[in-house]
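Read through the structure below, which is laid out as structure tokens, and then see the notes.
Should a chain be cited, it is by its letter among A, B, C and D, assigned in written order, with residues numbered from 1 in that chain.
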Amino acid sequence: MSLAPFSRRLLSVSAVEQLGAYSVLRVSDPDGPEPEPGQFAMLAADERWGGGADERPYLARAFSVARHTGGESHYLLEDVGPGSLRLGELGAGEAIWVLGPLGHGFSEPPEGRRAILVGGGVGIAPLAILQDRLEDGATVLLGFRDAARAEGAALLRGARVATDDGSRGHHGLITDLLAAELEQGPAATVYACGPAGMLEGVRALCAEREVPAQLALEAAMACGFGACFGCVVPRRAGGYLRVCVDGPVIDARELDHVDLHAGAPA
Amino acid sequence: MSVTFCGLELAHPIINGSGTFDAIAAARAFGEQVRRELPFAAYVSKTITLGAREGNSPPRLWEAPAGLINSIGLPNKGLDGYLGEDLPLLVGMSCGPPDGAGAFAVPVITNVMGSTAGEFARLVEACDARAEIAALELNVSCPNVKTGLDIGADPLQLEQVVRAVRPLTRKPLIVKLTPNTADVAACAEGAQEGGADAVSLINTLRAMALAPRPAPVADGGAAPPWLGGRTGGLSGPAIRPVALAQVAAVAARVTIPVIGMGGVQTGEHARDLMDAGAALVAVGTESFREPAAGARIARELDALGGR
Amino acid sequence: MSVTFCGLELAHPIINGSGTFDAIAAARAFGEQVRRELPFAAYVSKTITLGAREGNSPPRLWEAPAGLINSIGLPNKGLDGYLGEDLPLLVGMSCGPPDGAGAFAVPVITNVMGSTAGEFARLVEACDARAEIAALELNVSCPNVKTGLDIGADPLQLEQVVRAVRPLTRKPLIVKLTPNTADVAACAEGAQEGGADAVSLINTLRAMALAPRPAPVADGGAAPPWLGGRTGGLSGPAIRPVALAQVAAVAARVTIPVIGMGGVQTGEHARDLMDAGAALVAVGTESFREPAAGARIARELDALGGR
Amino acid sequence: MSLAPFSRRLLSVSAVEQLGAYSVLRVSDPDGPEPEPGQFAMLAADERWGGGADERPYLARAFSVARHTGGESHYLLEDVGPGSLRLGELGAGEAIWVLGPLGHGFSEPPEGRRAILVGGGVGIAPLAILQDRLEDGATVLLGFRDAARAEGAALLRGARVATDDGSRGHHGLITDLLAAELEQGPAATVYACGPAGMLEGVRALCAEREVPAQLALEAAMACGFGACFGCVVPRRAGGYLRVCVDGPVIDARELDHVDLHAGAPA
């Protein structure tokens, strides 16, 4: 796990590029620590963070590192509220506060197991940097709501795609493709990130087949470094995990189910 | 800019608000530097209760206009877990004064809450026995089992609780007042009469958020409370003007020192609270936005001329 | 979307908060259209006292994060001036329902404040005699002359005041609760026990601002309070989460209707308060930003499906 | 007095131009009522009103109409805080909320009295539209802190200028020039707008010489239309005036002195 510098850092936006329904925010960070796949950062615009809908945003927002290359960190944004809206409006050269890399990322696949990457929607982000780092390549299965969002699949190489509305790739859930894939070759490790419903599907599927799975969870976060105890999900053994410091990547066996309340209501 | 507070030598007047900075988790995220360069001149633990608590079920957070509503529910390992596992990891931290010269040891202030005077007594006694604990803070924003009202909201009741635990320790005893009361200055006076060495305020304002629509509200029905604990506490800039009024009212009424907090984001905000009578200033929610905010605020305060 | 409240037929559930809309001044600024298309389904007067009051010395305003602190000090012409000069100008106003069909008469609700039960009685009696007044709202955020605490902050005292004036009028009696109290639901219950027909909340939260530096602070000294009244009241979005919690707590405890207010800016905010149990919603500070906000909010609420 | 439409209106910025230390905000308003000299408007940016220093601005801000010509209203801005900063950043085509024209403006000079316009700093704004409307021309005396601010004098025609630091025009107070002017020809009416200290100087000077004076006051305002009772100044006869509806232009004889607290501390 890479440690974050003990202070948020004022960095500079290199570019914001459209990618279908999403945008890719590129932040210049030549001196920062190399993030590990699955780690995230807390982001906030330096200027005009606030004054949006209902006078928000106020707190920084969590975003997975989608890629780290050439001294730049890339983040994949979906405009779902005042924070992501504001970040997506940033222009090259504008200042952005970055706290990170934070959290506990993905671990290497166990010997003899191939990697299957399963992403849903904007949750594909941490799988891109994971694919970059996996030496032996991986099967990539990505699900989206529609074709505009499915353009996001270009973030990864060789992805097979499913859409809810059938406008691209398989018409149906990405877990359909995962089930078929596991049928063919169960000696796999699944790496998944996406909406709670999808993660619960992946968890149940893998549990049934005794396939190890690492789930990158989301939860509303105030701090990102264990200070607020706000980002919890119930642990199978009882009690709660803090997604920011115990996760965001959590071994599926730690969870009884993926709680819908973990993140935003879908 | 170093200050003495209840006999403790502090590098500067900025400390953390209870429950808003977990030094152990921060060291996991940022490394050992956290322990050497803590942004706070004293470290206040989260609230410790006799038994362990899991806290409230999620969701626990809601972002409000210029503020945050939390319904965390005081998760903690309980007295034994805290004293056995956490406290040893909390000693030996240091922080630098704002001017960068030398390092100061960071005393640990342990915040405790009981639901009866008896529980408070057991907590205070156990903490008193531990040399690593420099001072105690009593969180009295806890409902009286009989009346349902916060113990800290009633001056007389508060005085009795403080009086009951006062003989059990010679360590400085800070009472963290609840802001959800008609007359916070009278409560502060009660704490002082009971023997408190200092008071701290404000805790969060009782607040609420409803589930965002459309989901998961049944059509036509009323949206249910969003937070697992139904209500929560409002913190951050939104409450700063309320904090300033309460700190001023309390400081005008008591002779013991006051720790002011509520929405502090800059050295100027800290100075305002000190102008209103606070001896120390605690930073809470701002640390979430910037983990090293406390150190920055101490520097800004220093640059403003010492206060 | 028309609603009945304490026997009054209203075009929609949106009214103004007392002291936040002066229909007479607005007609000077915007013309007679104000009287024909009032943005509110009922018109609540500013607080009227027995004798005339000039109000606090300026400055009276301070902008806070997502809010406003005011220390206006209830300037008004006194009971006689109000009944003689203002009331005749306040009758005969109308407003349109959100769907634009027809016009509704706007009833006048007169808000009064005394500093003793006797003063309240004289105010209520005089208003009762005037047919132009449809309902009365008692502002009980007034310090008890003996204790210095707000009459409305103590459930028992509040109950006694309401009980004393209840026999003096058959008009609907609304009690405007103070939010600066430990248990607002108990206060609401007290009002209900005393005979109130409805309660309204929240009034502003006690707050403070210091004089901006550098001027006029003497070098090295503490900045004095900025507002002429030293403390003021916080309103606007910043207090919305507190309003929601208090309205929910009150609505869960009393059977009489509740008027909810505090930081409402949109139809969704109004719906939240109604989901929490409010029958009507009042708009205050948002009218300062947009004089016709009430009508917009009524339309938005309508579009959300009637509540 | 022109009445304002009973609703704030969403208008479009035509341009923001620098004028020395100030900027001129031009708002397209072809359909709005013609403002009278001395009237003002409450302005707020549609987007990102908020999120500045200390999470402000929240309320709209009062600005004198400096000129109204060709279907445009002009406002003169001095950057003194988050509201004026944000307004000054607006670009052509951006949306702005305008409530106005509000308040009670200047009245015609009485028969046989010539007009002397006395402005200080950004307070010169309402004198520009007044000059446009005065048929017989006027003597214009404008005081500024320094030469950068004195460039604002270009807003009016034929102004004589004083600066505090002597970097342009008379080195000293503008009331020095006014005193000399009244010495020469006391059959005048004075129209003044500027900081409280200057207005008090003008008031005292005119009172002594029994010259009528109309003072355009400033005060912190929450609403601008008489709703909040926040903008008061003490009236000589006792009690208070609301600057927004009883003013902003007030007959100097109504005032005992111009209160420093009326507006912001200088």
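By definition in this document, a contact is a pair of C-beta atoms (placed from the backbone, for glycine too) under 8 Å apart; a residue touches a chain by one contact, two chains touch by 3 or more.
Worth saying up front: this structure is predicted, and the values here are computed from it rather than measured.
**Q** Any chains in contact with both chain C and chain D?
**A** Common contact partners of chain C and chain D, which must touch each of the two, are A, B.
**Q** Could you compare the number of C-beta pairs in contact for A-B with that for A-C and name the larger?
**A** More contacting C-beta pairs are found at A-B.
**Q** Please tell me the distance, in whole Å, between the geometric centres of chain B and chain C computed from their C-alpha atoms.
**A** 34
**Q** Between chain A and chain C, what distance separates the C-alpha centroids? Give it in angstrom.
**A** One centre to the other, that is 47 Å.
**Q** Where the centres are mean C-alpha positions, what is the separation of chain A from chain D, in Å?
**A** 53
**Q** For chain C, give me the residues that contact two or more of the other chains.
**A** Those would be 62, 64-67, 237.
**Q** Where does chain A touch two or more other chains at once, residue-wise?
**A** 50, 54-55, 58
**Q** Could you classify the connectivity of these chains, where an edge means two chains touch, as line, ring, star, complete or other?
**A** complete
**Q** What part of chain A is in contact with chain B in the complex they form?
**A** My answer: residues 3-8, 44, 50, 54-60, 97, 99, 102-103, 219-234, 238-240, 242, 244-245, 259, 261-262, 264-266.
**Q** Could you pull out which chain D residues touch chain A in their complex?
**A** For this pair, the touching residues of chain D are 47-52, 55, 58.
**Q** Within the complex, which stretch of chain C touches chain B?
**A** 62, 64-67, 69, 149-150, 153-154, 180-183, 205-210, 213, 220, 222-223, 225, 231, 234, 237-242, 244-246, 248-249, 263, 268, 271-272, 274-276, 305
**Q** Show which residues of chain D lie in contact with chain B when the two form their complex.
**A** The contact residues of chain D facing chain B are 54-55.
**Q** Give every residue of chain C touching chain A within the complex, in rising order.
**A** Per the touch definition, chain C meets chain A at residues 66, 237, 265.
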